[in-house]
Every structure is written in C-alpha cells, then in structure tokens.
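Note that chain A is present in both complexes that follow, paired respectively with chain B and with chain C.
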Partner chain A sequence: MFEVELSRIDTFRNLVKALSVIVDEGTFNIDEAQMKLLAMDPSHVAMVDFELPSEFFDKYTCEGENRLTLNIGEFLKFIDRVDKDENVKIKHDEENARLIIHCKRGGHTRRFAMPVLEPLDDEVPQPKIFFKASARILTQSLRRAIRDSTLVSEHVKVEVAGDVFKVSATGDMGSALSEWEKDSDELLELKVEEDASATFTLSYLQDIVNAVTASSEVATLELSTDMPIKMDFELPQGRLIYYLAPCIGV
Partner chain B sequence: MGKRIAKRVQKPKNVWIREMFSGDPRMGSGLDYTNDYLKMQAPPGSICAVCKGSKLLCGKTSCPVVARAASHFNIWRSIKGTEVSGSSPPSVFVGRVGYPYVNIGPLAPNRFGDTSILDSPERWMGKSIDEIIDYRSQLVRGMTRVNVRKPEKAGRILDRTRELSLAEHYVETEMKLKKRPRRSFRVDADVQPIGPTAPLERMEIGYIRWNREMEKAHYDTDFKAAPATKALYQEGVPVTQIMKAFSMGSFGVGKNRRLVPTRWSITAVDDILGKDMARQTKNFPLINNYEIYESEYLGNRFEVLLVPDAWSYEAYEAWYPGTVWNPSTSHVAIVTDWEGYNGRSKYASMGGCYYSGRLAVMEHLTKVRRQARVFILREAYPDYILPVGVWQVRENVRNAMRQPPLVYATLDEALARLQSRLSIPLEQWMDAGFLLRQTISQRKITDYL
Partner chain C sequence: MEAHTLKGNSRNNMILDAPTVEEAYQAVIGGTSRHKTVIISGNCWVDYQGRASSTLEPGERIVMLKPDGSALVHRPTNYAPVNWQPPGAIFRTAIKGDNLSIRAFRRKENETLEVTFDRIIMVAVLDLQDSGEFYLHASEKDMQEAILFQPDLLEEGFRPIKAEKPVEPGFIDIMGVDKDNVLTIVEIKRNPATSEAVLQLQKYMDVFKNDSTRRIRGILVAPELARGAQGLLATLGLEFKALSPKVCSEVLKRKRSKTLTEFF
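Here is the complex of A and B:
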C-alpha cells in the first residue's frame, strides 16, 4: 500500500524529469521513511542514485516495503498533464498493477492510470571509487560550460589542476574552455588531494545537467583520473546523485 | 548570283554516340539510327563525350551508358505507335517533381505473361546489373498529373492505377498514350535506369484480385497509415508491395489520404517498420557476443557488426572515387548517420539507405528476439556502375543477416575481422562517425562496481 499527496506538482515533476534522462524503466524502493531509486541507463554508462524523504510530500502513507517499477518516460508524460494549481494524489493499485494519479481542483477531478511493470531483478550496487578531487559549483555555471562545449565536440574534459577547475572541449570546429579559480564566485569549494582529469560523453552530461538545473542550484563534482565522475546535486530535501563513466582514448 | 539552296539538312548531332553504338556488338548491328527514331543527348562537358565507352574515364569497371543503351534500344523497338499492352508486374509510380502536383501512372511492359519479376526487388538478389537494368527498362510508364491531396479529381486513370497497386498478381494492362514516348536517351554515367515515359490518355485493366489484407486496410478509413503498414507487414505482405499501395494513398484516415511520391513512400515504410521493430527489440535481452554478418553484391560490400549493448544504430557508406555518388577522382567519400536508444526525429542526412539497412537488421533481431547495438559499414566499389535504388541496400543487408554470423568474444577481435574485409582503415571510419569510436572509448559504470 503506497499513497502520496502533493499540493503542487512542479518540484516533483522536475525531479521525475531529471530521472527520465537516464532511466528507461526503474524500480522505486519505498518504505515508511522514503522512496529510493538506484538505476542505470540502458547502455550502463550512467547511474542515478535518488532518494526522496516522506516529508517532501504533504501526505505520505506506506505500509511495509513496496517496490514500484515504472517506465519513467511514460510516468513523466502523465505527470506533465497535471496543472500547477491542482491537488495531486498518487496511489499504487497493487491489485490491478496500476499507478493511479488523481488531480483535483475545486469540484473537478481527473484520474489517470498507468501500468506498473514487473520489478527488475538486477539489483545494482553503488560504484566504489576513491575520488581525488572535488568541486562544489553553481549548477547554472556548470551548465553554461557544458553548453559551450557542445559547439565544438561530442566529448568534454573535466579537470582539477592545482587550484583551478576546468571544463574543456576540442574538436574540428575549434575549442571551448571554462576555468574557475579557487574562491571564485561560482566555484564555492575546491578540494584537491591529487590533480584529476577525465573525459565524458557530452550528450549524457548535457541531458543530466539540463534536466537537473530546475531542481538544484549547487552541485558537488567528485573526480579521479580516468574514473567515473560523481555529481551530487543538492536538493532542499532528498538526494540526487549521478555517476557517469569516462571515455578512454578519445 | 548566289548559290541556290536545294535543301536544308539538319546538322547531325552527337555523331560520336552513334559511332560508339555501331561499334559495340552488344547493340546489335541492325539498328536504325535515323534522327526520327532515336535521339541521344549528352550533357555539355560530359566526360562521356571524350570517353565514348571505350576508355572508362568515369573510373567504373564497365560503361554504364552502354549497359543502359542495350536495354533501351530493345524496349524501343518493341513499342509501335502509342499503344502499350502487357502485364503490369503490378507496378505504379508517383513522381516527386513539382510536389504537390506530381506525375503518377502505371508501369507495364509491352508483353504479356508472368512479368512479376520486373518489379519485385525481393527476388532480385543475385541478379546481375545487366538483368536489373533490363527489368527496369522494360517498363513503359504512362503519366498523368495529379494534385496529391485531391486524388479523387484525377478520375479513372488514378482509380485503376490504385487498383494495380493493391493487386497481388500481375495484371493485364492496356495503355493508350497521348504520344510516343520521348526518344531521347541521356548519355550520362549516373542516371537510374528507367523505361520509356509518355503522357497517358486512358488505361484499361483486366481481371484483378486484390491482396486481402491490403484491401481490408484500404477500405478501413479510420485505420491510420502507420499501424496499417505494420499490420500488413505482420501479415507477411512484402515491403515493396506495401510501398506501392502506400504511395497511391491507399491507407490512412480517410480525409488525410494523399499520394506519396514513390521515393518518399519507400523510406516512409522502411522507417515506420524499422522504428517499430527497434521499439520491440528494447524488451529483448542483449546478444551474448560480438557478431559480424557480411554480404557483397553489385559492387557493394556490407559489413554488419552487432555489439552486445543497448539498442542504437550507426550506418556508414564509403564511396570510392568514380562511383555514382562520388565524382571526385582522388578521395573516398564517407557519409554516416546514427541514432541513440531513443531514436531520431530528423531525417538522416545520408538518405533512404539508412532506413533500408536498419529495417533489414531489425528483421533479424526481432526474429531471434535479441537486442544489440548495430553498425552497418558499406563500401561501394567502382563496379557499382549505376544507382539501382535502395532495395539493393535492403536486400544486400538481408542477405548478410541470412548468413551464419562470425562470432567474437571481444570487440578487438571483431574489429580486426572488419578491418580485414574493408579496404578503408577503421581509423578513418571512426573519424567520420560518432558511435563506433564511442563504443571503443566509452567505459561502463558496471566496470566500477
């Protein structure tokens, strides 16, 4: 039994949107305290670690452990139909394997039902990486640097060298570079144990950062040379972390 | 007193072409070359005018003009006057020039009997280029101009042409042309082989039996075109038959029905079916190993590489200097396009071949119920002397997928095999495209768990 209520849909929708860029079908693990999702993209290049506490919702009821598998893209389509000023109730109808979305405004109600899928059997563990450097940066600032890079290349290099955090790309059409010095306005924190740099596929980064900007203002990036990057996007409530595997030898 | 002119004689044009043909035994010696009978034109500055079929200046391994000319002369001799009667394979054509006012009409040879082979690319695999040119050239095309959105205004010619497109067998057809087909023969290296064409005055057709499934879809005016296409394919109707009916606007919601230029309808059907199968394949488990499928036909080598990864697709075409789409003399041209897991919404820049190849591979993957990342690498050699149509890609890749696969445990081994079969270094393929390099360089998050 699982049921939540929300007076405004937009923050929740933004989070679902941020999940949908990575996850095709995902299983939410839900208990009394929170809902969790740990899932990879179909190619297993990126992973998202998502957690939302019960306090996020206006009303949260959950009895025991619940597993809820959805096609996230389809879920987003339904959520997109909900108006801003509508009251929403989302409910798991276990008998019919349906997710019911109730919207209410004044005396008018709308009701959507979407299929709940069979739980995916592959439980994924968290990646184990020792990061050598980390940078806490404004999401907007990061997003701008990534958009710059798309002008010239399909890959982007993220680098911490000494007291500088760099995002750069080089291609046939030219190159793009963003640099933040330690203690600059947009770079809130920089910890360096060892210089680190790794290259990533831009389309993944771009999708993630574009979708997350609406939910999070500050991101902490953790790096190690030629290892996956960890991107922790700070939320008012809950947790949203992405891991993205690097490209070697581009 | 000036000289009295007794008679003005037109200066003979393109004498060299006649010399070229009279010198070629394949043309037959009994040809009549009067101006009235046949006109031959070469575009200005054409290398054909210098080469005359003997020196192969275009870089191809045999002269495409000569190849076309033989069929052209034969069909020409068989047409007397303005009446053409014979069995349509069945075959129809919708032009794209002047859209939305396009030329449409039936195609039929000037002979009776089982002519179905003339327009069934599914059965052409393995035929020589000369045979294929011959099939194409035999079909006489009657034409009438129609607004694609108002086909009902075009009257009986259109109705009968549509009936032809829904037929499941060859149909006796009589065409009364307004005038004799144009006599000009374009002497150019890169022209698709097509038969004689003339405006159509009226047409009659004999006994006809429609394909039952297509008939159902045709009469259901609430059945959208894309689901109808999928349903017909499921029922086993050959894709080229669906394409014919699709081009005549036989499917779709009643008020939205329109004629679709043949070229566009071919790609539309390839795309609708391929996209649908790509969607299905996402539910299937990945293949276990790296697989390579190969085929070579009509001067085109296809290497299909399947990688055990989520569905995505990249196609490459490398055109040798002097092949149809690469007139340059020194560089190989590589064109490429790709799509990720979620597909693409823009038309692939490399054209219809992208979609035909995808369809052929997806047919295989849905049959074996597996998912894979797909690469199609194509090298077109100088012995591909004429563009014959995208069916060649579809059938060539289908043929590749029918072969037992070469199975490799690692990507490196598979790439080594590809390299041994292709004459262009893999490094150059990778520079041209995105996904192949990506497959080699991109690590997985599962490597770090």
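Here is the complex of A and C:
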C-alpha cells in the first residue's frame, strides 16, 4: 500500500508539472524511503531522473515495494484542481487500480479518482557519458538565456570555453548570446577539464527549464562536446535531473 | 531594345528590355497564344467591368498573364494583386492608338479586365516547367519520417522494422510490429484516404498472407477517411489511424535531435 499526505499541494504540483513536460506515462517506483521515477519522452530525446524522499511529505506510508504507473498529464490535471489551502491525501487503491486524491478544508472534502495503468516494463538505462565541463548557475539566468535564444532559432548552443560559460543561438532573424565569466554572480561554479559545446533543440530545453523554475533555484549543467547534457536542478529535498540528447549538424 | 535569353535556360524564354509598343505587342501575342507565362512591366491603367467595376489610375506595375488564363496586376507594394482574373480568362492583345491594350475576359461571367500600357519597361515571355507538389505542412515522406522517429504517433508500443520495403506490388511505407509482436503494415496518405488507398494496403497485406498463417495487421494512416472508404476498410478487416500532416511537421521540428538511446 502507498499513501501520502501534504498540507499544501503547490511544491508537489510544481514537481509533477516538471515531469509532465517529458513523460507521458511514467512508473513511480516507491519504497519506504522514497518515490522514484526514471523515464524518457516518447521520442527518446530527453530523460528525467526524479526522486523524492519520504520526508518531503507530511505523512508517508509505504509497505514493501510499490509500482505506480500514471498518465502524468492527467495526474497534473487532477492535482491542479487542489486548492493551495486544502490538505491533500493521495492514496493508491491497488484493488481497484485507482489513485485516490482527497482534498480537505475544514469540514468540506473533495475526492478524485483516476486510473492507475499497467506498469511499463521497459527498464530505462542511464546514459553513459564522461562529462568534461560543468557549470552551476541560477535557474533564472539559464531560463532568460534560453528565452533570448527562442527569438532567433529553434536550436541553442551550450558551451564552456576556457573560463566562460555561453548559451547562444543563431538564425535567419539574427543571433542571441549570453556569456558568464567565471566571477559572475549568477555563475556559482565552473569546472573545465576540457572545452565542451553541444547544440540542443530549444523546444525541449525551454519546456524543461520553464517548468522547473518554480521548483529549483540552482542548476548544475554537465557537458561534453556533441554529447547529451545533464541538467541537475537542485531541490530542497529530492533529485530532479534531466538528460537531453544533442542535435548534430545544425 | 535588347533581347536576352535567360541564362542557363535557352529553351524558349525571352526578355525584352524597354521594347516599343509594337515589339511588346508581338511578344505578348506570341506568348499568350503559345500558352507561355508572360510578364509585362510598365506604366498602365486598368479598367474592370463585371460583377463589380473598378478603375486604377495610371502607374508603374507588373502584369502577369499565366498559361491557365489567369491574369494578375501587381502594384510595387502589397502581396495581393490589385486586379485579377481567375484561371480561364481569354486574352486579347491589341494596339490602340499609341498604346498596348491587353484584355482578359471571362465570357460566362461577362467580366473584362483591360490593362492599357503607354510605356513598357520590360516584357518577359517564359516557358516555365513546374510539376512540383505544394505541401502546406508535411509530405507523405515527412509523415513517414515522423512515425519512424516517434512510433507512438501510430499507436503505443509500435516498433518500426523497415521503411520503404519493396514487395511485389510496390513499396510498403512502414513495416513493424505492434506491442504484442503482431506484424503490422502501414500505408500513409497525406490526403483523406480513398477506397483506392484501402485496396493498395490490402495488396501489401496479401503478400504476407500468402506467406504465412500468422496474424497480421494493416493500418491506413491519413488525416481522415474519405467517404466510401470506411465500409471497404471494415470489410477487409483493416484499421484506420487519423494523423494529420500538421502534427507530423511539429514532430519533425523536434527530430533533428539525436536520441539518448544512442548514448546508453
């Protein structure tokens, strides 16, 4: 059995929203200590590695190993209906293959039920990459640079060159460039074993970064030339990491 | 006046630079009667009589006479023509006094567009070959590419095995297996799928049915089923999946990315 309780929904909702930009249907692997989700988007371009410890919740009950497969977009629609001053209880009703969402405020309760799906069997491996450079940066700064890039292109180049971290885009409409030197206040850390640059589809990157901004203040980007990027968005509790495959030859 | 032949295309194209009215008249008559595309630029005025009536005062413009009998008068600004006739108009060219007059009229509607030039900057008579299709969003090839890239556009669990597989009656757009490992033949159309498309898919199915006794599925992919195709599809036990070229083009925009699986 699996059941959690939250006095406020917003933080949890923001996280589900961040998952929903990548995952259509996802299987949460739940045990006594945490809930985890590792899933790719349908076109296998992006992956999310998500983990939330039991302490995140006000109450957390899990007996044994639990697998909970949901349509994440549908799940988001339901928890979007929860008001922020409502106490919410989420429970896996295994017998009826339903997820029950209980909202309570004063003497008034609302109850939603949504279907739990058959678990997806495909094991998702982690990409094996040796990253040559990393940048720890404010999520807001990254988001701004990505929005700048959408003005001119559908692709964005992320680059570590010497002591500089760069996000740039070039297209028919012009170009956009953000540069952070090592001593920038927005760039918290820059590690360079070797210069690295790779280009990514903006629509994915924009969806991801827009959705995580509400949950994460700081991101660590790890990079190697023409390899997937790893984006670790720091959470007060838990883990939210995305991998995104590069575009070659654009 | 100078006459040029177009670079790299000496076929039957001609450009006259600042011709006299007489020279322009000969060129336009020769062009329209041989069903070529004629472009005339110069100082002209336009009268239109028909369902409505209009007058355009003198000015420098571009007039196009197309082989299908459509006529367009363009001013130097704006994308739309200021006057026009749809396909099917008949062109009559004449010298009236010192001016060149071109009339495009549609007998049935009793509509006449008359353009009168008193000074001609250029006449081009072009023998243009154009058999390309225009696709607003994605071609059938693009739709195929989109499904190969993101197979769940077809259905969840679908795995493509081969595209453009040659078989006796032609090429199978996509061959694959569904989530239960049933062989699945996919035929893609970008327009509403007709009975003809259903029969085409059935032909491909027959190739495999002769070979084995195992179950096989046939899926017709198109934005919609044309009227009359539904019954045939059901009778033959084939399936239909609605997929629009527009959705495919959205998917392809994301496609130029590699996939993470290449890095596992």
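By definition in this document, the second predicted complex is superposed on the first by the 250 of 250 C-alpha atoms of A that agree within 3 Å, B and C clash if a C-alpha of one lies under 4 Å from a C-alpha of the other, contacts with A are read in each partner's own complex, and residues count from 1 in each chain.
Everything below uses one rule, namely that a contact is a pair of C-beta atoms (placed from the backbone, for glycine too) under 8 Å apart; a residue touches a chain by one contact, two chains touch by 3 or more.
Source: prediction; values computed, not measured.
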| query | Does the chain A-based superposition show chain B and chain C clashing or fitting? | reply | clash
| Partner chain in contact with A:V88 - chain B first, chain C second, else both or neither | neither
| request: Please work out whether A:V156 is in contact with chain B alone, chain C alone, both, or neither, and reply first, second, both or neither. | output: neither
| task | Go through the superposed model and pick first if A:L187 touches only chain B, second if only chain C, both, or neither. | result | neither
| Which holds for A:I248: it touches chain B only (first), chain C only (second), both, or neither? | both
| request: Identify the partner contact of A:A145: answer first if only chain B is touched, second if only chain C is, both if each is, neither if none is. | output: neither
| First (chain B), second (chain C), both or neither touched by A:I9 | neither
| task | Figure out whether A:T201 sits in contact with chain B (first) or chain C (second), or with both, or with neither. | result | both
| task | Give the stretch of chain C that clashes with chain B in the superposition, choosing among 9-17, 63-71, 117-125 or 207-215. | result | 63-71
| note | Where chain B and chain C land on the same part of chain A: residues 40, 42-47, 125-129, 154, 201, 203, 227-228, 243-250
| How about chain A: which of its residues touch chain C in the complex? | 40, 42-47, 125-129, 154-155, 200-201, 203-204, 227-228, 243-250
| message | Applying the document's contact rule, which stretches of chain B touch chain A when the two form their complex? | response | 282, 309-312, 340-341, 434, 437-438, 440-449
| query | Which residues of chain A touch chain B in the complex? | reply | 24, 40-47, 124-129, 154, 201, 203, 227-228, 243-250
| query | Taking the complex as given, what residues does chain C use to touch chain A? | reply | 149-150, 152, 251, 253-264
